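A, B, C, D and E are the chain letters, set down in written order, and residue numbers restart from 1 in every chain.
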Amino acid sequence: MTLADLVPLLPLLIVSSTAVLLMLQIGIRRSHKVTVVIALSGLLLATVVAVLMMPTMNQQLTPLLIIDQYSLFFTAVCCAAAMVIVILSYPYLSRLDDDKDEYYLLLVIATVGAIVMVSSNHFVSTILGLETLSMSLYGMVAYPLHSKESAKYPLEAAVKYLVLSAVSSSFMLFGMALIYAQTGTLAFSSLDSDAAVSLSDSYAIVGVLLLISGMAFKLSLAPFHMWTPDVYEGSPLPATAYLATIGKTAMFVVLLRFVIVTEALRYEAVMIVFSLIAVLSILAGNVLALLQNSLKRILAYSSIAHMGYLIIAVIASYFATSTISIEAVTFYLLAYMIMSLGAFGVASVVSSSEKEFDLVSDYQGLFWRDPWLALIFTGMLLSLAGIPLTIGFIGKFYLFFAGVESALWVLLLVLVVGSGIGLFYYLRIVYHLLLPAPTRPQFSSAANENLGAYGVLTILFLLLLLLGVYPARLMTLIETVAAFI
Amino acid sequence: MQDLIWLLPTFPLLGFLALVLTGGSLPRKIVAVIGAGSVGLSFLSAALIAAQFLASGEDYFVKEVWVWMAIGEFTPGFNFYLDGLSLVMMLIITGVGFLIHLYSTGFMVDDPAYSRFFAYMNLFVAAMLMLVLGDNLVLLYLGWEGVGLCSYLLIGFWYENPDNGYAARKAFVVTRVGDTAMAIGLFLLFTQLGTLNIQDMLGAAQQQWAMGSPLAIAAALLLLGGAVGKSAQLPLQTWLPDAMVGPTPISALIHAATMVTAGVYLVARTHVLFELAPTVQMLVAFVGLATLLMAGFTAMTQRDIKRILAYSTISQIGYMFLALGAGAWSAAVFHLMTHAFFKALLFLAAGTVILSLHHEHDIFKMGGKRKQLPVAFWSFIIGSAALAALPFTSGFYSKDEILLAALAVEGPGLLLWIGGVIGAFFTGIYSFRLVFVVFFGDSKAHHEAKEEASLSMAVPLIVLMVLALLGGWIQVPLDAVFSQGAGHEEEHVSLLVHGFMIAAPLMGIGISYLFYMSKVFDVDKLMTNRVANSLHRFWFSGWGMDALYQWIFVNPFLYLARINRSDLIDGFYALLVSITRTAHLMLARTQTGYLGWYALSMAAGLVVIITLGVML
Amino acid sequence: MILVALIGILFLGGVLAWLSERLDSKLPRVIALAALVLDLLLMLTLLGGDSADGSWIVALNVQWLPRFGISFHLAADGLSVLLLLLTAFLGIIAVGSAWIEITERSGFFYFNLLWTLAGVLGVFTALDLFLFFFFWEVMLIPMYFIIAIWGHENKNYAAMKFFLFTQVTGMLMLVAILTLAYFHYIQFGFFSFDYFDLLRVTTSSAVEMWIMLGFFVAFTTKLPIVPFHSWLPDAHSQAPTAGSVILAGVLLKTGAYGLIRFAVPLFPVASLNFAPIAMALAALSILYCAKVAFAQTDLKRLIAYTSVSHMGFVLLGVYAWNEIALQGAVMTMLAHGLSAAALFMLAGSLQHRIHTRDMRDMGGFWAKVPRMSAVALFFSIAALGMPGLGNFIGEFLALLGAFQSNLPMTVLATFGLIFASVYSLWVIQKIFHGEYSNSKFNDSHLSDLSRRELAYFGAMILGLVWMGMYPQSFLDLTATALQGLLAGTQELVSTVVQN
Amino acid sequence: MQSIPIEHGLILAGILFALGLVGVLTRRNIVFVLMSLEVMLNASGLAFVVASARWGHADGQVMFLMILTLAAAEVAVGLGLIIQMYRKFKTVDIDVLSEMKG
Amino acid sequence: MMFLFYIAATVAVVSTVGVIVQSNIVHALIYLILSLLAVAVVFFSLGAPFVAVLEAIVYAGAIMVLFLFVIMMLNMGQHTTDQEKAWMAAKDWALPAGLAAILLVQLLYVLREVQVDIVPNEVGVLEVSALLFGPYVLAVELASILLLAGLVSAYHLAKK
């Protein structure tokens, strides 16, 4: 490695240095504000650098990392999302009777993991990125557990997440080992159909399936979905948001790269497993969310379904002649990020680490108490439901197009049915927002206290609308970056 | 003047609008002036137009007012067509209509909804004129439905009583059954012949359809359906007796003189079609025959004065249908006219009686009205005589023509004739039964009878008496209309035939006299006979048709409505919802919260997935 | 550009109305009214244009999402213009009916109302299928809000049902649209969602049938037609009056418009093959819903079912696919728009006065509120298809046209006329006739129609009479457009038949 | 030197993997669960080393090192959680952690 | 070597069984250490002495000591052993053990085809180091970050 090789690593280096800086800062003097400022500036710098590097960069950096437009795109997205979460975390944690700084440290380290994952095309980097991300998330999930008045059950969430996640990691690792035993390589690119050693129809297929199962766990795809609602519910809201957005996105990028590069879908078994997972996830996720009262659980279940939708596009990518299915995944991931961040963000601005407002009924009449917040929330929910004027609709449009292009009629039907069920619970929340406000509301509007969080939610909302109405620019960008995968 | 023919419906329509828009705020005098005056104006113009038309010697006259709609070949317009037939009809409608309006100004004077009444009446006249003057079937249909609507509104005029509402709805719905058939007939005619202009259509039918072609039969049948409904013929006659709950002038105008004869008009107007379909024409005759007999039987048993008259109306229209079926188009129209006179007379007179007895309808609670109500009495005498077709009354001439035409029909002619004569016999019985019971004998009124009605009510009665007596001398100018009509040559029939025809009603009157006047026979005693009693009950119920329809159509419909109030199909979606909900509950139970269970599910999932991989 | 202005005015007006609530709670309704009147006036300028010679009034055709060949393509022909006029007219009426009924959160109400109408205008003018779908969905959410916030006792259920039905079937349509666009891509090598481009796509008959069904289901759910109708009675009975007016008067018409503009012309052969089934469904709808309507005790539910029944005539007319039938379908859309809206307003004003919709509690209102009764009578009569009023023209033409293409179904459908009279007269009997008794409700607010109410009922009565007596002015407007559609499909069908 | 069939190595890894899984699934004591996890991770590492031996590469061994790292980290965090759990509930029964469900 | 492999493998399996069925936690831990050491021997027999040593030091040494500390901290005495026994009911075992057995059978089923013999070529420290400081240098750095994350998490969670 030379110094020039470090240039493509800049975003990663910046975020890592931020982590180091944060550690130093903690060592010198704890300060919630300063920590946040450092974390934010580091992430902002990384985002900007990633965006600036994007047009020209396409470099395989050691066997582990590929820094191309696609990975830089998601590097930027993840860093930006991490910024949003930092901003949301600040008011949320401000009343926590514990040190707050480590949380941001963990968040930044997790972002390092995410960046590694989106740039990874090698099993080693995949595992390292994934575990870095997970390890930080264990900490974030359990973060408020010392607090006397912790809102939910962070301990329970963390234990469940840790144990199950470790099981899934071992699945993945064993799978990788089997693949490696068969092929003698750990890089994705040497597994494609042109490679000298290939995944013949032997036990490496089982390895691939093990690997997919492990990934499916991280993406909370059925039948590996069960941890999701509990972990979502038990974690502090910003951590949930991180888990739901960056955690999922990074994993999905790896999955997509793996599937595309290795052309794994050419094996019938993989194809069937993917289809099965997609169908099960869509149906189970939506049905499970149906009558939930906890907002976080609803979003957890809905995330199961959304990941199922995405799998359809992944499957479509195999049959497609164009890159639209990859664009669909890319676009939808971005859309899902924006709307999930928005939805969790709304919940998090009215909550704090001591008291989370998680029940749907807590939000009754929000429309009349805090119209702007309610409007944002409604926008996010409708976007999740895929209603026009929002980015979610364009995302769904992409998915449908990908499905149609590859003639996946059965999966499309499941998608339609699932989305139909999905409408129910999103609208149920919206309906609660519209009800007359209770005489003694659960929480008061906090716009003045949380100006930053409101601001960032507003930005997300505007993005949601802008990209829902005029996504042409973004589409062009995504078309460009999708060509690199 | 002929160009102003559009004024005819316009006057009453303007009257209607004026009355509706003022919403009952006008004083009664002005309402009367508007209500009756508009029809009077209409009658005046009709008379002038008729004079001019007859003088011109033309066969027909068309006035196009505006194109209603034009889509390709389908171009019905608001065009008025005047020939002998519509001339007669228009004069009857405006003339008799005016008289009845005049009468109503007195009859309804105490009613709080005076203005509404005249509004409906005016609308009716306008619609009826549309019906008879329209040059195309769509316009005819407009009038046709319009009069049906007015009939509905006026039957249910006294809306506080739900029974009236029921009768009104029954009238509308039953006739609509016929109307629907007619609408389908219209579709058929247009589809086949490419036009709904009556004259063009008839011409095209003659050119395109052979005698007895299935299409012609279908078309004629469907139109007959409409006619049967509107004219209360079997099997759609059940609404008319119930319609009598409306104010009596309505019964006179709509349910005796004009609207119910629209079916006759329709068949006469489209007689070419019926001639192309001889079987249907024969059916018309038999429908008429069956109806006139059935109604005759029933009329004999009724106790309600207006119901008796209603059944007699049904019966008389049966004669008209008989005539139509026999191809005696002119005779049918002629009878239509005379019937309009004497039946309007009878109803109006009955109205006087009823009014004087505070809306008492049961004839057996009346009696001895001869002195108290002389105008009504004489009206009834003359009207009943005409109804029974006693010689030299108007009814005699028209019925005579009909029966002769029936006899002349090839094949079942004799049968038709005998039936007609029997009908005449019954007519004698029930018409004079009414007269004897109401006007002779002792007064059985429980309450003080009112005085004889006002001048406005007497004048129409007197005019109608004259018409009922002398109407038979009127020459109807129908030759040009039914140029091909059969049964025109004066056939020589034996004196015996004439004798029977004169004797039948007289015998009827005689029997009636024996039962109800001289009491030589006792009705009550007759009723102790089981056969007679059950026959009586059968006839009284109108041959049980109401019960039959209730059983076949109404009850099943109500049953279906009741069991499916909440919409079965909705139930299907509800099922989907409950399936989803159950699935949710079941799946939610898998989320036990136990870590071991979650790990187990992962392992199970893995096993399934690997199994798939191993097997494939 | 004028079409863009039409839609833009409503979108902007909605936002303004919402914002203006802070100043004065009575301002929103004024703004809404102003926006709609402005729209109506602008639309009138379209009438003078060159729509008469069959050409499109093209407003705008700019690229929107070039990746998929999607453009922002708005245009109108006679058919669209007519429906635009109906929309604006009923919009004004709806504002009128909400004028005093909506007192709470009026700003947001008028915002939703105007946005719904904007969506509808978009639907009627969009010539890019993606754009069409976009507007199709845009009109749902505000409508959902209207029902869910200002609805009656069971509003959540009704609003949800409305939304689920239309949205799920909407997704099926989206799939169909995408499939069609994809076939276009295969055949012509570039992506396009443009109406005129997609008209040229030819596919195998099985595929065509499936795609057509995607459209059909979405449109007939909106229309609605048995068995997709069951959202409508709930939505109508729970919606506030203005919502019902818009729903019955305008929203249902988008389904019919879709059938005429898209479902049949895009898939002429499949439609031809499918026509018997469609017409059978139409006849079933007419009869079945008339029967169910009769059984209802909730006045609004009853009217809702009659709407379904009447829309059956539209479907019948569309699938007969000849000029008379199509004109009949369009006339039915217009006339039903007015008559059903008026009936819902009557039901609404009754409910506003006596706080019940249960007909079992009513009776004998004629004596108490004669003007209202007379108006109700008029609209019931119109609904049962009395000649001389608009509904008759529509239904008669639809049946007349349909008779030429499918005799048995038309005959069945014609029996609907009988049922129509049964339920219409039953309503009159139950509510306005009979003896008056106020034992079941508090009648202290039972007053006759106010001047304002009379004004808009009067306008609608005039409209129906105009349609009934001189429908030519409407027929002329749409004739060229419909003939164009007919000619286009004939061409396609004949080429397919030849091959 | 005598050769070892690769499948025997892999089978050994498989057996250990399965045994670890059984442990995770059946034990209610969270310490045992954590230990079983270690067995599973170790089995994966074993598989890598076996594969690495097949190809004569060092890549598998590198991977083993990574697994070692993450196992260590995992155990550290896991044991931290166990301590907190014990403090809170005075038990190591994982089934007490089932307050969230449905 | 082959001999060594099989013996070590047997020990590993047996002691692992011991881990999962033992009710005394300290005994289980010792079994685990035994198992890990056996695996280390297997590594050695496969010609990977470097990882064999690491296995023994890091795994069996460091990590297991960590366990031991915790067990001592939690003061798991006789009553926990009894409780463990109570928890190990057969019915709780059947399903998981069955599933794992199926999984194992599946693995054996697919592995039976492989007929590649390994001639254990020693791949020693040198090769591994060359890789670690060559192509995998980033991995080493990333592993440090991973450890950092674990460190921070564990520190935060375990503190009082």
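Definition applied: a residue touches a chain if its C-beta (ideal position, glycine included) is under 8 Å from a C-beta of that chain, and two chains touch if they have at least 3 such contacts.
Computed from a predicted model, the values in this text were never measured in an experiment.
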(message) By the touch criterion stated at the start, how many steps lie between chain C and chain D on the shortest route?
(response) 2
(message) Just to be sure I understand the contacts, which chains border both chain D and chain B?
(response) A, E
(request) Give the identifier of the chain nearest to the protein's overall CA centre, each chain being represented by its own CA mean. (result) C
(request) Sort out for me whether A-C or B-C is joined by the greater number of C-beta contact pairs. (result) B-C
(request) Could you find the chain whose CA centre sits the greatest distance from that of chain A? (result) B
(request) Quick one: point me to the chain whose Cα centre is farthest from that of chain D. (result) B
(request) Let me have the rounded angstrom distance from the C-alpha centre of chain A over to the C-alpha centre of chain D, please. (result) 26
(request) Provide the C-alpha centroid distance between chain A and chain E, rounded to the nearest whole angstrom. (result) 31
(request) Measure off the straight-line distance from the CA centroid of chain B to the CA centroid of chain E, and report it in whole Å. (result) 100
(message) Roughly how far is chain C from chain E, centre to centre by C-alpha average, rounded to an integer in Å?
(response) 70
(request) Hunt down the residues of chain A that sit against at least two other chains at once, touch-wise. (result) 124, 128, 131, 135, 138-139, 142, 145, 158-160, 163, 167, 181, 205-206, 229-230
(request) Provide the list of chain C residues touching at least two other chains, using ranges where the numbers run on. (result) none
(message) Where in chain E do residues touch at least two different other chains?
(response) 96, 99-100, 103, 106-107, 110-111, 114, 136, 139, 143, 146, 149-150, 153-157
(message) Judged by the touch rule stated earlier, which pairs of chains are there in contact?
(response) A-B, A-C, A-D, A-E, B-C, B-D, B-E, D-E
(request) Please give the residue numbers of chain E that touch chain D in the complex, ascending. (result) 1-3, 5-6, 9, 12-13, 16-17, 19-20, 25, 28-29, 32, 35-36, 39, 42-43, 45-48, 50-51, 54-55, 58-59, 62-63, 66-67, 69-71, 73-74, 76, 80, 83-84, 87-88, 92-93, 96-97, 99-101, 103-104, 107-108, 111-112, 114-121, 123, 127-128, 130-132, 136, 139, 143, 146-147, 149-151, 153-158
(request) Can you check the complex and tell me which residues of chain C touch chain B? (result) 161, 226-227, 229-230, 233, 291-292, 294-297, 323-324, 327, 364, 366-367, 370-371, 374, 381, 386-388, 392-393, 396-397, 399-400, 403-404, 410-411, 414-415, 417-418, 421-422, 425-426, 429, 432-436, 469-472, 475, 479
(request) Quick one: which bits of chain A touch chain C in the complex? Just the residue numbers, please. (result) 327, 367-368, 382, 385, 387-389, 393, 397, 400-401, 403-405, 412, 415-417, 419-420, 423-424, 427-428, 430-431, 434, 470-472, 475-476, 479
(request) Note which residues of chain E are touching chain A in the complex, please. (result) 106-107, 110-111, 113-114, 135-139, 142-143, 145-146, 148-150, 152-157, 159-160
(message) Give the list of chain B residues in touch with chain D in this complex.
(response) 588, 591-596, 599-600, 603
